[in-house]
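Heads up, there are several structures right after this.
In the two complexes that follow, subunit A is the common piece, with subunit B as its partner first and subunit C second.
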Partner chain A sequence: MIDGGIFGIVPFGDIIFKYSMFSTIGFVIAITFTILVYLTKPEKQLEAQKFGEDKLIDIPLHELKNRRYMAIVCGIATAGAMLTQDIFDFALFLTLVGIANIGIVSAVKREHVLNASFQYGLTSIIATLPLFGASALILAKTGTLSILELHHLNKNLLFEKILYGLGMAGETGVAPYYAAKAEMFRAPGSPYILMIHLSSLLLIVRTVEILLTI
Partner chain B sequence: MFYETVIISFIVGILSLFAIGVQKNNLHALILTDLLECSLLCIIAAVGTDLAEALILPGLVVSMAEILAIAEVLVVREKVRGKKLNDFKINFDLEILRTSPLFISIILVIYGAILSGFTGGAVIASGLLYYFFCKRVLGENIINRVKWVGICGFSGIAWSLWIVGFLGFYLFPKYWLVFLLFAGLGLVIKVCSKLGLLGMAE
Partner chain C sequence: MIGKIWNYLSKPELVPRLFAITLAIVFIFGLFWPIYKDNNQLYPKPEYHSQALKTPLAPYDRSIVKAQYPQYLPDLGKITSYLTPIAIFIKDRTLFFGTTIVSTPGGILDEILYYTRGMDTVLESSILLVAFIIFTWLYWNRERD
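Up next, the complex of A and B:
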């Protein structure tokens, strides 16, 4: 087992959460950063002007609340994805993180940022095909979606795993790429994009763990 | 049939990828992604077990949510650009819009009441929607604040009726038929009133 031993299992009917060494550490990291995001205030940005005085850009409260809410949803979804024990559930968490990421990026009302957000949205819609398609194919081949069961089956799932990885990459893996493309580091109210990078990092690691386990 | 369906769905997906790549208009690209979602649903449906049936609804909901989010992004971008968005004012006068809605909506409502449950609610709602939309196109004012709130409250009461019926299944299994009727009645009223609200939306 790559996940370092299981502490316990919480079965909610179909949905099973598992506490292993790996998933607990990931959960704690995700929750810590969510609390950090909740407590931070956004940065004010000084924009250099070509003519005249430099301009200090302030974030209005409703825009701040919107972006912070999206960042917190993203953090909670990441934490849930750490614990889940079902391939389809994990795919749903991935898409939830993807939608929250679109929300974080698109809260900045600038044209180039919204362009990048639109392109990211197209990518994430396209990526649902390999993601859900791979989970359906795994279901067809083995008859189960539970990672605990799939661990004991020892079937050859290479093609499905490649598809699943592709889907994950398109759904949340490319989010930092589009955040960088929109120059989100310089956009006003930047600290919330921390959540984009953190969620993409944690979910890539978790996906690798799942694909090695099944 | 399983392999053929999956292979054809993947081919459709790849072809629609090409279409999205060629497309220059952003709105058309967004609409073309819907084709991709359809092939995704086809792959899940090809599995054909009851577990796969349970997976179709989340897949559909997720794809709808993403398309809605991105459509909202497009709208905001057009606003930021400072373009004026067209408000689709339809102004045409057809006789069928005046004569048909009452008849068709009454038939659909009766048929939906016979069906009952979720399907019946959807049928009733489509009848109501047809009626409201026809009235809207003709320019008659059906929007009324009081009516809106009233239908919302009515829908909420029906929803609680459904919940009561659902709980009754577990608490009093002996009287399952009564609670089945409760749940069916609650669901049919709730769905039809909630969907019918769409026709009255501002």
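Up next, the complex of A and C:
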């Protein structure tokens, strides 16, 4: 095991949530940022106009509520994905993060933002095929889905691992690209966008850890 | 030259296509990769039509449950054989409970189908819930500026 010592486990049937050195750090980071996102107010923006007065762009409350909710869902899913010790469960967490990311982006009513989030939605729909396909192939080949068990089995899973990595890349890995592409940093309401980046970063590191372990 | 390629790649609508092409290439290489089924499965599948008209829970009757971690097996048995009162009510009246609409994923059969896999059923329904939230929000606010 490359993730350090075990502090404790939470069994849910066949799925085990494990607090190891690595996963606890990721869990605490994700939860901390979720609380920060919940507490902070979105920033307002002063947009310079070519003619006339500059105007202050404010986020309306109904949009703020939706995006904040999606950011919190995204944070909780990231925190859960840090702990889970099951291939299929991790794939479901990835999908939940992906769809929450689309939710964060899609609430902004601007054409280029909506275009980018539509393309991101297409990518994550395509990515479910390799993600769940790789889980199914791993289950067929080894007869189990638990990462703790797969660690002892020593089977050659190179192709499945490549597929799994590709699925992760399409599901959350490309999210920062779209967030940057849609100029979401300049769109008002910045703290919620940070959740996309944080979840993407943490999930990439966690996927590498899983692929090295099994 | 490289600048031109970067500029070409920077269009958002290009990424799904590139991703799909990459995937197709990987799948073509996958044809040469040995894919087989191990016979020692944790979640065995019963033979086709072997349960039909014999048990109301067909084809999902999992009479023998194997646990991934045998130390949690006693607790697992208590939960896995649990049916809600509504499920018992329907089960007593028809032999086709397992194939009715109420027992599709998300329906009331989920307890026996998925509980051995713990968090999965929670996550599947929450994915569906989040998708519906996004859709309804976009639908209700489609005319608002």
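Note that the second predicted complex is superposed on the first by the 214 of 214 C-alpha atoms of A that agree within 3 Å, B and C clash if a C-alpha of one lies under 4 Å from a C-alpha of the other, contacts with A are read in each partner's own complex, and residues count from 1 in each chain.
As a convention for this text, a contact is a pair of C-beta atoms (placed from the backbone, for glycine too) under 8 Å apart; a residue touches a chain by one contact, two chains touch by 3 or more.
Source: prediction; values computed, not measured.
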Combined model on subunit A where subunit B meets subunit C, clash or fit: clash
Touched partner set for A:102, first subunit B, second subunit C, both or neither: both
Which partner, subunit B or subunit C, touches more subunit A residues: C
Which superposed partner A:157 touches (first subunit B, second subunit C, both, neither): neither
Which superposed partner A:129 touches (first subunit B, second subunit C, both, neither): both
Which of subunit B and subunit C A:69 touches, first, second, both or neither: second
First, second, both or neither for A:82, with subunit B first and subunit C second: neither
First, second, both or neither for A:168, with subunit B first and subunit C second: neither
First, second, both or neither for A:142, with subunit B first and subunit C second: second
Which of subunit B and subunit C A:59 touches, first, second, both or neither: neither
Which of subunit B and subunit C A:193 touches, first, second, both or neither: neither
Common ground on subunit A, meaning residues reached by subunit C in one complex and by subunit B in the other: 88, 92, 95-96, 99, 102-103, 106, 109, 115, 122, 126, 129, 137, 139-140, 143, 145
Residues of subunit B touching subunit A in the complex: 2, 6, 9-10, 13, 17, 20, 26, 29-30, 33, 36-37, 39-40, 43-44, 46-47, 49, 51-52, 55, 58-59, 62-63, 65-67, 69-70, 72-74, 76-77, 80-81
Residue numbers on subunit C that touch subunit A, as the complex places them: 10, 12-13, 15-16, 19-20, 22-23, 26, 29-30, 33, 35-43, 67-69, 72, 76, 79, 115-120, 123-124, 126-127, 130-131, 133-134, 137-138, 141, 144-145
Parts of subunit A lying in touch with subunit B, wherever the complex brings them together: 88, 92, 95-96, 98-99, 102-103, 106, 109-111, 114-115, 117-118, 121-122, 124-126, 128-129, 132-133, 135-137, 139-140, 143, 145
Touch list for subunit A against partner subunit C, complex: 11-17, 62-63, 66, 69-70, 73, 80, 84, 86, 88-89, 92-93, 95-96, 99-100, 102-103, 106-107, 109, 115-116, 119-120, 122-123, 126-127, 129-130, 137, 139-146, 149, 158-159, 162-163, 166, 169-170, 174, 177-178, 181-182
